[in-house]
Each structure stands twice: as C-alpha cells, then as structure tokens.
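What follows is a pair of complexes built around chain A, which joins chain B in one and chain C in the other.
What follows is the complex of A and B.
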C-alpha cells in the first residue's frame, strides 16, 4: 500500500561504475603496456606475471581482512621471513637433520597464526593502535629469524618440497594454484562465515556494534590470526621458490602488499572492498612492475611509480564529499 | 499499579538517577500497558534521555525498580534490555550502511542460519523478508543499506527490533526516540500507520518534541520537567497548549538570571535583517540588534529558529532578503566570513566545535587571534599570558592556572573560555546556540553572569535557548517564531518581562 512512497532510489551510473574501476584500470594497464611492448601479452610472460603474483596474492589476502576492519597490518615482512626460515629448517636442509617434508606446512601456518594472534591480543587487550603493534611484531619476527640462523642462510635440499612452487600443472606453476586455492578459501571466509560478516561490520561502524552481541574484540583477534596464516603461507612459498631461508626474505613485501589491497579498491577506512578486489589489485601491481621491466624503465623509477600508484589509488577512492577530519 | 486488572508490559517505580551536580531523575514512575502507545515529552534536560538510557540498559538507576510483565528486571546493557523485551529504534540510526538489509537485521544473531560454519544467505534473506513484512515495507533484503533512504532505514530498524518478538517471553516494548525528526510528512504518516498496525504485537514509548505528533499517535502522555513526571493524561484530554505549559510552567526567578545586572541596550544597530529567508527553513524575518542587547529567539522545533541562528553564525547562508552587519551588507556565506565581520558563534556542541580540550586555557583564548600576540613570526609568551590572564579576570573564569587544560574545567567555565576566545578575536556580536545545554545549575548561573558581563561591555548577543524561562530571563527583546515566520515580538526589560504563556500562545 503506502509503501510505494518510500521506494529505492536507483543507483547512479557513476556509482555502479565505481565498483568496477579497479577492473577497468587493470584492463587499461595491460592494454597500454601490451601496445608498447607486445611481448608483455605473450603466454610466456603472462605465466611469468601469474607466478610473480602468487606470493604477493597470499600476503595481500591476509592484509585484506585487516584493512577491511579499518586497521593496518605491518607485520607482513617479519612473518614472511619467519615462515621462510622455519620452513627451510623443518624440511630436509643443509643446516640440521630435519626432514618433515610437507608436514612442515601446517607447523609454519600455525606459527603465522601465533604471530597474528599475538598481534590481535596486544592490539585489543592493551588498546594499542594496530600499526604500532604490527610494526613492532615485524621487527620481533625478523629478530627471531636472525637469531635462529645466526645471520646465515639455510639451503633447502628437499627437491620434492620445492615442487610446491616450481612444479607445473597445465603449464602453470604450482605456486599459482596454491595462491588461487588460498583466494578461494579467503573468499568463502569473507562471504559465507560469521567472522567474514563481522569483519565488515567492524569496519563499517564499530561504535554501532556495542548495541549488538557481536564480540568485537574476538573478531579483531581472529582476523589478525587469520592474516598471520596467510603470511605464513607466503613464507612457505618464498622458501620453496628460492630454495632457501634467511631473515631478510620478506624485504620489500610490505609495500607491495598494502599497495595491492588499496589499488584493488578496498577502503583504508574499512567496510568496503574484499578479496575479489585484492586479486585485481595484485595483478595491477605485479603486471605494472613486469611491464616496466619489459619497457626498459630504470629500476629506481619503477619504485617511484609504485609510490605514485598507491597515493593515486587512495586519492581516487576517498569520497571527499563526506570527508571528515583526516589525520 | 496495574490498570484495569491487567499487568503493565513495562513499569517504572520510583526510579532515581543522579549525576555529579545533577539530579537527573527524581522518583519517576510510569507504566506502559500492553498494546499501548505512550507519549513522553519534556524540554531538553527534563530527563527524557536519561530515562531512555535507563530503559535501554545504558545507565543503571540509583533507586527504584523496573518491572517487565510484573517481574522485577535489572537491565545491565542494551543487549540485556533487548533480551528482556525492551527494544529501541535509535534516533541516530544503528544500521551499518556497508552491510545488506538482511545482514543488518540479523547482525550478531547469525547462528540459526549457519550450515556447518557457513552462513546460508538464502535462508537469512527469507527470514529478513518475513521481518520486513511485519512493517509492510517492500525492500529487497539483499540490497546494501547505504542505498536506502532515511525513512526506509527507519523501517528496517523497526523490523530489526521486531525480531525480538520471537526471542523473548512476554510483551515487547519498543522505544521510538525522536523518530520523525528527519522525515517528510508523507513518511511520518506511513511510520504512524505502521506503529498503529503493530499495536497487537508490541507497546510503544514515543518520545518527540512535536506535541501535535504526540497527540496524534499516543494513547496517553507523560510530561516530564526537571527530572520528574509532572503530569499524566489520556491524549484525548490534552491539547498542545496545555502540554506546552505543563512542560515549561514554573515561576521564573529574577535573581537567577541576574536581572538586576541587565542594563538597557545602546542605540547603535550592529546587525539588521530585512525579509531574511532561507528556503524551506524560515521566511521574511526582520529584526534589529543593538550593541549591548540580548535578542532572544523563541519557537518550537521546526519553527525555523535553529536555522536562523545558524545563518547568523555563517553556517547556513540565507537564500533571500538582506542582512547588514555594522551598516554594511553581509551574506555570511561561511563561518570565516562571519568571524571576519566580528561575529562569534558558540555552538551547542561545545566540546566538539568550541574548544580544544587538550590545550591549556591560555592557548584556547588566543587561538582566534594569535597574530595579536605574535612578534616577528614567533609567539610572544609573555604577551599571550597577559592577554589570557586579563580574560580570566574579566570573565571570572574559574581555573587553577591559565596552564590548566580546558577539558579539566567545568562546563560553565569552558563556555567562558569559548567566549573569551571570540571577544579577544574582536567579536562584537555573539550567537549563543543553546549555551546552557547539558550544564548543571551552577554552571548555568555562570553563563548568565557572563552574558551580563559581555553585554555591559557593548557586545550584542543572539540567543536561542532550551527553555523559555531562560530566554525571557536573559533577553532585552524576544522574537517569537512559528511555522517559519516571526509571529510576535516582545519587549523583555526587567520589570516588564512577558509571561511564558504569552510566548507559548504565539509558538503553537
């Protein structure tokens, strides 16, 4: 009856377009680079891009959950290094007598979860901003990894284990399949579980949740734990790919991770975006890096372009009509 | 005290609540019978919000008890209150705009929809649809809440509260806190129709400033004043004028408002409006403001007076008519323009807009005009201190030292710091937008003294206030607004102040 007086306003075209901006950017980036350097779009190179995307994707999946809550996780590099070192020490290697093979995987994931859990607990219980806690934890993890190896590196001699990154199925490296499986798991968690739902809710308005029975603190701790598992996976793939483990193996991973998540369209304010965005974001960032190499762009300029990219992505995403105070 | 042999759905018996310096609720008793809509009215500060917060479990009463279906209950938290059967439709909406309607309705209650560890979205949407049917609204539960209009969101809130129905034993009581404040008339009609239709499912407590709406929707009305229930009557026996005088009716104390210190204003006109109009808010407003004068603007919510005050502070530029400030035409398009013309606006949200709480008194006072205490690009601390100390003395700001952080001062003294800042920055006209809201009695008195001090120095004041009493007590002249227009003007010099009922007659 009178309900007709309050109908839905139709979504504006721009609004609908906005959701697809990252995909459009991806297509444009690939088309432009492909036009300049045709080798970019060759099958071989596309496989190379996929391969280079595998580890950043695993890391960015974890970071997506944190950024969806409006928090930030800077522990990526530390946990990756820790994961790689631990992996190298648990499988057959040149430093000790261990030979756990694939059994190392759950143990390393557990380690990642443990670091994430500590991140979450310290952040929630001591009420320390997430960026500070995770930055500290990153250094702690790198410190532990350094001590474990006394600053040395350790070689992996288990060739079967290295197949995890290097083996190929249907011409595509195993690492890519692992990352895709991780993406699927992350997507299901995001869309189909209570935790996923609550992560969006925390990012959308934590103050409102006080009136509901959503356990905000527990959601935060679980999200950080989950992110740690994904970083651990990134560490395992790093070790398998390079055939070694050392304390600096995470170097440079943090910036790519955050850039990929943000370029993909997940809002730094929380509540908007998700795993699907991150997949696109990783392809943009890795594709661009690969393309710049093919086009002969000097390495220092490449780093600069990444910096421009992340600022541009945030500048485009911020809804300035509703902007409040920015710190 | 059950009525007609029936147990009340919700009953408050002698509920008492004190905050430091304020006796917020004094022995309040009221009851809500099954299927009844009870109206609750009172001025700002009468205790309505405190009462709502006690009923929704945010505050704990200091005395008395709450009974639900005749059983004593203790409401420790909003979740507790909901589990008991007391739901709340919030004025500031409690929906997450980035989630879908269904997700919002079942937020924190996803358990029944879990298959293993995964959520069954279809079942959740279907269940949400059933809830939305209760309020007869045709919204797709899978749509993201952001896309809904304000009125639609309110319906979703109502549907969300109605989910309690299936979870509780006994009667459901729903509190509607100012639900109509941002709705269009057509939307209000729909809301009221839904509330009436839901009376066999729940009882309602309806809080509103709009007395005609209260009379329209409620079966009975409770009137609160100064923390106590002063009247209870069936809506059929009430009219807006009667309710309004019950809300405000009290004898004015001339001493309280420092009327002996009220001096005649000066002849010079500092601000004048002619045919001033803000489309949709007020029309054709004329007035003259003189140096040293307090000009009160009276009117109920929706009369246009709030918007008028904001226009004069540069926050809502007028769309028609003319405004002159110190003889020159002014548009007041931004707060910055108002400030540069010598107008200071003191907002009601003092903590948010008026002061920087973690800066000391001295820094707050000089904030508006740092240039005056700057020499060669550097702040001259000695000069800054002298300036601040002068103001602390002139306005009798009670602070241990000028280094004390403003957040540690009392509300009244914070208000003084705000005014010191403006007048130090050269303001000759001060717009006071509900200057005593949330202040205790002592702090209010300090604000009144302050108004007398600054007007004695020739500063002119535009005043909108929470109570008529305060408007009458402080003002030299009063303009009364109703339905966007000025309906009457009163002279209000000491000895010749108008009666509250005189004003009310032109307000409602």
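What follows is the complex of A and C.
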C-alpha cells in the first residue's frame, strides 16, 4: 500500500516496510483474535464486522482528507446527528408527512456539504484553527438537531429506505456496498483529481505551496466540504441502520473515526497516508472491538486496549527521520 | 419521556456540549420565562419548576406536571430553565425569590449536585419552600433546613432493574442464558440497575449471565456489542437485558439485521416512546416509565402544601422527607392498558395524595 502520492525518491527498505505496517497489524490482530476465538474468523462474523465497519468507514474517509492536510475535523458527531435527523424527517416517518424515500439522500449529502463548506470557509477566511471551528460546528449541528426534534426521537417507518442497511446483496448488507462505493469514490478523488494531489501537497508543506499558484485556501475549503459529504452519508446510513434519528445519534463516533484514520497510518502531521490506509484502519479498530467481546475481555479493559492501539500505531507508522520538531 | 438517569448522567459528562447545544434553545426558554404571571398582591404563593431544558421530553412533561398542579390550585406558575448552566439556574431562583418576596413554592431538578445546597440556603433565607428532585449531596437532608427544605425525591434503579430482569426471565420460561448491556460505569443509575439484575439472577439459578458489557447508554455501541454476541453465543442467547431503552433499541436493530428481531426478548428502562411501541409490537418485553408529569406536579404539590401550612412538614417522618418515588413498569402484559391510560390520555393525578408513591427512604451514601 502506497504511503503517499508524493513519493520521496530514495525509499529505504525500512521505509517501504513502514508503509505496510497497518496491513501487517491488521493481519496480526485478526490472526491472534482468530487463534483465541475461532468464531471470529467465521463468515458470519466477518460479515458482521463488515456491517459494523460501514458507517465508521464513511466517516473516516471524510476525515482522511482533512488529516492529510495536517488539519483535524471534530464536527463528525454533529454532522452525523444532523444527517440522521434530517434523513429520518425526510423519509416516511412517525413525526411528519414527508415521504421522499431515496430522494432524501442527495438532500442530506447537500446538508453535509454545507456544514463542511462553512467549516472550511470559517477556518480559512477567519484563520481560526480547524480544531476550534469544527468543534464549534459540531455543537451547532447537535443544537439544531435538538431543536428540530424538541429532544424527541423520530422513527423511520419507510421499510424500503431501511433496506439500505437491512437488505443484502450476495449475503452482504447494502450498507457495506454503499461504504465500498464511497471508498472507491474517495480513492479516485485522492489519486485521479487535482484536488486529491493538492490535498497531499498542502499536508506536505503548505508554506512552500503558498509560493506557487496552488489556491491553498480553496483546496482547504473544498476538502472540508468533501468531508462533510462523507459525514452526511454516515448520517444516512446511521438512520437506516438504527431505524430512527435523534440528536445524540453521532455520539461516540468521533473517537472511532480519528482512531481509524490514525491507526491506518495517515499521519496527523499531514501529507502521509490516504484512503487505502483508512480502510485498513477501520477494519483494525472495528475488528478489535468485535474481537474483544468475543474473547471476553472485561469492558473496562477494552477502552484501554484501544488507547494502547492508537499510541502503538502512531509509533509504528510515523516516519521519525522526517520529523524535525515534535509538539 | 426520554431516558432519565441515563440522559442525566451523560449530560453531566457533556456539560460543555449541552451548554452550547442549549444556545439554540434559549429563545424557547426566554418565552417560557415571560409567560409566567406575577405573584404580587395575590393570596396564592408563586409556584415554579426549575429544570434543565424543555428540549427533552422528560423535562417537558416535568414542566407540564407542574402546570397541571398550579392550575388545580389556581396559583401563578413559572418554569425556570437552566439550560445545563448551574449559574443561570441559581440566579434565576434568586431573581424569583426576590420578585415573590419569598412567597414561593419551588420544585427543582438541580442542574448539578453542588447547586442544591446553594439553592436550599437561598430559599431558607428568603422563607420559600423547596422540593428537590434527583440531585442532592448525600450529607444534606431536608430536616437540616426545617421547614424550608421540604423534601427530596429520587428513584431507585435497583428494584426496576430487578423487575425488568424478572420479566425477561419469565418470558424466557425461567431458564437459559442472557446477555446484559450496562450504562457508563460510575453512573449511579447504571450501578443501581445492574445491582437489580444481579439480584434477579441470584434468585434464578437456572438463568445464567453469558456476558455483561458496557455500552455507555448508546444504541450505536449496543448495536456492535450485540452483533459480536451473536457470533460468540449464537442461539445460546435467550434474552437481552439493557439498562436503558436506547441500548435495548440498539440491540433490537442488531437482531433485526440478522432477521432475529422479536425472536429474542429484550428489556429496557426509562419508558421512552419507541420502547413503549417496541413492547407493543413484541420486540421488547418491558420497560419502566418514571412518569415525569407526576414528578413535576407532585414535587410542587408537596412544596405548596408545606408552604401554605396545609401540612406541618417538620412533623413528617424522614420517610416523607427524602424518598424514592415509584416508577410505572410497562411489560408485554400491561402495555395496552398503559397506552390507554398514559399515552392516549393524560392521566389524572390526585395532587393531594402526597405520599401515595413513596416506595422507601433514600439509602445513605
């Protein structure tokens, strides 16, 4: 798996191995859990892991573009909640007379894009760190979702829409196919478009890039908008999977998202990693969570294991030879 | 009827978030404040309920209960909303104390435990009467501030956790394996409800706990854990106990993804609307409603009765000063009756039956 689109010419053998670290970790994690709890590797369970990975994958894809730029996006939980609530209110539901069915999807994606766009514009134009902007936007999104529902939950009664999560093609839930399609789209954007390459460039060295004709500010705004679309998709899938929408629907998603991106080997300093890494990262994080329940790891140890995993992943994946200052 | 203990405890952890979330709700709060009538020159004391936010169904019902009581005695009523902000909660109470000249009966769900003492002291100084709900420091007792600190009402999670486990076991036919989903570890409701589950398990040796996992009150987490359980235990799972309705619903969706919804009984607690619907449809077998209308109305009624000297609160036993209220269990047996009495119509409550739902004195510590 390639470490980045911009390849530094003389890559030593260790360097090349480092790029494969996440895959090695994935194989080791799955092998070890499989050895302790053989049911882990059963087809049924692998399908379940895929199903549980679908939403985190969509979210982590969006976050990947942001982290590649060396920024951070904490608006995940808010936009997911907003997306789920909006979805639930647009398809046939228990609260109003709407019945847009699958037409709700483009509208919710548009909402995600709008949130991402505002993230980007505020971050770039007002020169506020992405950390603060996106945190604030998350609260705003949850606030709007709360007000829209007056604290209630909306149940989705549209069974056709729920097929998005419950239906199966070739024995694999539809949500997984949707997430895979999203991964493909993200991969194409990353490798085949100018935006994709510029995102890497911004993460690799924005100071130098500013001396060129690359519109750095626009790249940042576009990247945040793109991320918002992926979070919106995550919200749609959440609504389909749980059959409802409420303002706390995104809770707990941020930690998994950032963990998955980082564990996949995308550097928090930017410029290193990519969509393919994120796919591996999500499988590690979700597989481990599933495996720990299978192995009977006590609940209070599980969170600790995830923390160790993040530190270990970063320690393994970061290329220290290029790091000058660690803050 | 949104989840209760769970929502509360989670909200505590997320104070900052709630603060910001509530910005959007400020408009609504302001309007409610304006709606209250002035108490000057009236025989009746000013009545007020103080609560976290009108954006959750639990507190909306809580406020409605207070209004129902106020109407029944024809007294002016005001709703104070803290929006998760202790400072605002306390200063609103102080403002109302000043406005009413201490002629105030207040029922308050304090935003945070330490607020309780400040509010009680302010009420005692002004000569108002206050009843507190849920949050109170363990070493502060109503009888420390006779007669102004009238009473404190809370709910004990243990008997209801136990009752739901018993409902589940009964539905399972008295034997088999169950799995259980708990709330955030150090939350009081999570601990109490789990304790109730343990008691029921101890009394039913034919039922064994296959696994206990913590899903932090969240349906997304419970969804993933339930999936993993299906792999680990498969058809050995004969029942799922969840410490709140959100987690119960998450478990049901995990079952649904495998075509198993309705074939494995699930219980929750808190009585949220979706859970009641799920009990009705047979996907859940039980939940517990805390009846916030009763809490908001009766808390105010007790404060009012003490304030207007209809009862001599200082002479009441400690059982009436610091007690656990009674929840309303909803099971597959009584769900139709529940819907008819509580959802299709607003239940009529005898506001003079002050101690009818006392189910025990609050344990120390």
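Here is the rule we go by: the second predicted complex is superposed on the first by the 309 of 327 C-alpha atoms of A that agree within 3 Å, B and C clash if a C-alpha of one lies under 4 Å from a C-alpha of the other, contacts with A are read in each partner's own complex, and residues count from 1 in each chain.
By definition in this document, a residue touches a chain if its C-beta (ideal position, glycine included) is under 8 Å from a C-beta of that chain, and two chains touch if they have at least 3 such contacts.
It should be emphasised that the depicted structure is a prediction, and the values quoted were computed from it without experimental measurement.
In the superposition on chain A, contact of A:153 is made with chain C only, not with chain B. By the document's definition of touching, neither partner reaches A:97: not chain B, not chain C. Contact with chain B, but none with chain C, is seen for A:204 once the two complexes are overlaid on the shared chain. In the superposition on chain A, no contact is made by A:315 with either chain B or chain C. More residues of chain A are touched by C (comparison of chain B with chain C).
By the touch criterion defined above, A:142 reaches chain C but does not reach chain B. Taken together, the two structures place no residue of chain A in contact with chain B in one case and with chain C in the other. Touching chain B in their complex are the following residues of chain A: 1-9, 11, 188, 192-194, 197, 200-201, 203-205, 208-214, 271-272.
Residues 78-79, 90, 94-99, 103, 107-110, 114, 117-119, 121, 136-140, 143, 147-149, 151-152, 155, 186-187, 189-190, 193 of chain B are the ones that touch chain A when the two sit in their complex. Considering their complex, residues 37, 39-40, 42, 44-45, 48, 51-52, 136, 139-140, 142-144, 146-147, 150-153, 155, 165-166, 173, 238, 241-244, 247-249, 251-253, 286, 289-291, 293-294, 296, 299-300 of chain A touch chain C.
Looking at the complex, you find that chain C touches chain A at residues 2, 10, 17, 20-25, 28, 53-57, 59-60, 182, 185, 211-214, 216, 218-221, 223-225, 227-232, 249-250, 253, 256-257, 272-274, 277.
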